[in-house]
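In the two complexes that follow, chain A is the common piece, with chain B as its partner first and chain C second.
Our next item is the complex of A and B:
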């Protein structure tokens, strides 16, 4: 069992190359009294091997649903209705079932849970749960697994031996979060999904955890997906950025390009909503309106049009095309016409 | 707690219409006893003197109880303690057996009903739980008796054991014991089972929605391990239900034993009421109360065995 030997040797030197991920045409629907409604619609997204991709969006934009799809773990009443999620070395996870899928989860794809503070069984010590994890993945050398876990916890500034001997209620929120990260990494997964890893934490702990994520990512050559609604987090850790709105990726590209010169009106709105260190608080402009939910999501045309300052007639009826612009993808009608790509001019018009 | 019950029993006996203690005292005097003789005779039975003020009587009563001296039966003149112990084994064992069976069955079916909660079978199981919970236990007892002892007489109608057999460790006797216990135990089981199903189902549904179960799934934990996580967490609140159930089944025993003519505490209580045998009555009430309280304490202790949050807190005190 290659997995067992990898875990047993513990170190990071023999980690194989990171696994890239290609998501194609992914649609996830949820069953509601009004029929099956898409929470994620026809998403194309690539996570290049060895990069950190940040996925931002408001609550309900489908971020977590997308993340769960990477493990084929969308919870009922939801299901993946169409598309592929191809991970290097695994294949299309959408087709995986049963034992194979179980081995991929945890073994090859590490997942740090949203609300990782509550991701532990309250009746068992962390160490016992670690052993449960090892046994679930046929790790032969449990002793090496424990040593690896202690080392990881140590890197995150915790006393490994003490934490492994603790119950969940004896650890603070930040400690539990780090235990969650340890669980995602201890089996040497190459792909790590972090679903809002720092949401419930204070600024100091948050910064600390982001640094750890960055370090371990670089050291192990992982492919990492960080999901957050905090653009600051993305700016800090990510190489690439994808912005989600209403179940679709509206803009994606290298993080500096997208943040420095956002094209999609939604991305612009998000960035304008961040208060700056310099200048008055009034300069931060909240995006008007509310994000759509499953029931109010338009079934055709652009999902953002209700709140869009650049709204045109075509937005009502036709899905926006995905436009390639200087290394990024933007899904917006306003980017296609000859009079487009003049963001500053439009910005004035919105005020 | 026990003391409260003691006091309560004492007060009830003291204010009972006709004052049985006084009545006996006067009856003895009429039979030609001297007041001293009558007084000591009454005191021997009741553990408190018929005369004197209520405070003195109370102190004396409690004092003798502390020495486990419950007085004598007014009817048979046997020590109440012996009578009770003899009857208790016929109640405690079937009640415990019934509740534990019911617990096991209820927990098992409750888990199933929770997992299949959106299917017809799950609904049916939950419904059966609600229905059974609504039916009083004596109705269940009577129904079982009507079906299995009268309509289709495969099980004995009454009694605890066939008197043909010599008591002791011989097969016939033990077999006869078990045979006679089937109906009462079944009644206890069925009457408590509804509560367990409902409690277990709701508890499992809650745990299934807990984040750590999804987290365990996303970490690729084995199904058997996840199942153990669910079961152990879901069963915690059930211990409270278990203790309450024992209490309910114990008080239900009064009716059930009457139905099956089973010589337990409930039967003893009913008979003693019929005979105005106050001392036995008080003793039986007391014992049933103590049993219920002990069941609660034991359930609480179970909690601390299984739940580290309580265990460790206790260690640090």
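Our next item is the complex of A and C:
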């Protein structure tokens, strides 16, 4: 069935299978009264084709800004100041303009927005919005598009015909989220970005949506980026984890490796701050201090030093190097010191 | 101490003959908040837990049942006479961004309730100023920094602390925290939770914690009772650790199974339960639609989603308080005090457990 749609979409996509993404040296700045401040600074991140990557960060960490730059959709007063976002079969998105960019958005790159309920038009039925999407992407065979949408919705456990006939207020939160996923995939995108896909959903609905994301990812051979503040969501759904803090990726690697033995002090603190269902209640420890915003973000040195238990003098002035350690990439001075020592033997790496 | 017996609340939607609908938000709920204790209400959205919290705070009326505050039955009092009782119950809202007036400084926000309190106590205006500073210190804020500021100048975590300080201005006995940390950054959540725990110890206030996040409920009230609510009915109740480690109601088990597992650090419970048609397929949010449709109320409310249902579940209505399960030996040490509403209670281990590091 996906083949039928590809011809229906006018052959905009010639690359079957998942599309990998390479982000290099990406810097996004926002214009403020205090000058242009970087919300995302010099990020290198690869989304290997066919994987689910979870991007975790608190509010203001730059995770949504990073995701929007995958569509080259950073809104003024923000702009991409440097770097490349290379997507297989599309090229460098940062260089795209006008009509070509519009085709990529929603066509080859699907984006499920945060709070799907707010991204649907309240005055139009879901079906009407689907047709709008089809027309704006020059789909010749709208019938095939509707059929594909119904099939996708059916796959997610919804009654397709009924949902297409509904207005957004007639759908529950979990259903709207699934409609958002349908919109992202119906034009046969190979790269899907989900921004906070389960925020404001109940536990059981969340588990259900995560299962759908995982299954659809595997069935359609996608490359998926899930953005969230909830490490639990990433642990459930992703293969790889990237932790953002203050506009930088401080640690990235395979999910189980990182969660099993986090190295960066922020990752460690974040995981320790999550109350758990079993074990000692006071094992959960709050992370001192508070996350920086654009104004309080240090312009040089480590962005996490204000809250860091391993803070050293060098953290004030020198940007931490990114080092490969035990299967992941960590940006921390404390990890570089005795480089010959095995990382697991490092003080504080153990509880 | 606050207790409720058989609280019933039905929302009626106005409309003509066809448009008239009834939503049973609460179907006869019993609960007790012990003095200085902590209890938690767990459930999905639309299950009635927030309505119950609002009723306890005196912000909502109830149709049947009796709410008793320190031995005084509220239904016997006129609304005006109820006020001093409800003053002792304060609600902390979910959203610290909308709970504070953006045009008023923190000092002004604290000033009004303090003025009320000062009049009751016959205290002076210098007391009010002093008290505002004290309260901010109590919630770990720096009064010199915070008092003159507007809400938008504070972070989410700080605002929630201000909201908590404001609720303490009237010296309440009970704090109701309704999803009090769900809108706060992950690294700051634990700080707010431990503050609430701390206030309970230092001031002796009782806590009612309303949430769908079971782990935070455990953090706040591991020594108290947990109430699991489904479609306006308590379906399991017991000491928090017992309910988490040995849930017997399939709905509690589904809820606990749905909590994300931190793979790498945790392993999923061995007997995870998945509700049938979890996809709220074709209907509105889970129970809400069925409740609206007024589908026959006989039988277990969870029967249509329960993977273990039998004929008995649709024919008879289970009542809260059935005896603990037959597998007494499993729960022998903690079996006391737990009640449930299920015909086939079998304890299952569904909660994720930490992977032992070697």
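Here is the rule we go by: the second predicted complex is superposed on the first by the 323 of 351 C-alpha atoms of A that agree within 3 Å, B and C clash if a C-alpha of one lies under 4 Å from a C-alpha of the other, contacts with A are read in each partner's own complex, and residues count from 1 in each chain.
One rule holds in what follows: a residue touches a chain if its C-beta (ideal position, glycine included) is under 8 Å from a C-beta of that chain, and two chains touch if they have at least 3 such contacts.
Owing to the predicted nature of the structure, the values given are computational and were not obtained by experimental measurement.
Once chain A is used to superpose the two complexes, chain B occupies space next to chain C without a clash. In the superposition on chain A, no contact is made by A:88 with either chain B or chain C.
Touch criterion met: A:284 reaches chain C, while chain B stays clear of it. Of the two partner chains placed around the shared chain by superposition, chain B is the only one that A:137 touches, whereas chain C remains out of contact. Looking at the shared chain after the overlay, A:202 reaches chain C, while chain B stays out of its contact range.
By the document's definition of touching, of the two partners only chain C reaches A:210; chain B does not.
Of the two partner chains, neither chain B nor chain C is touched by A:36.
Here chain B and chain C are compared by how many residues of chain A each touches, and C touches more. Of the two partner chains placed by superposition, only chain C is touched by A:276; chain B is not.
The minimum CA-CA separation between chain B and chain C in the overlaid arrangement is 5 Å, rounded to the whole angstrom. Chain A residues in contact with chain B (one complex) as well as with chain C (other complex) are 170.
Note for the complex: chain C touches chain A at residues 44-45, 155-158, 185-191, 193-194, 212-216, 218-219, 222, 244-245, 254-266, 275, 277-286, 288, 351-355, 357. Partner chain A is touched in their complex by these residues of chain B: 210-212, 214-222, 225, 229, 232-233, 306-309, 312. Residues of chain A that touch chain B in their complex: 68, 71, 73, 75, 102-107, 111, 113, 115-116, 118-125, 132-133, 135-137, 167, 169-170, 180, 183-184. Listing the residues of chain A that touch chain C in their complex gives 58-59, 156-159, 162, 170-175, 202-208, 210, 229-233, 235-236, 255-260, 269-271, 273-279, 281, 284-287, 290-291, 293, 350-351.
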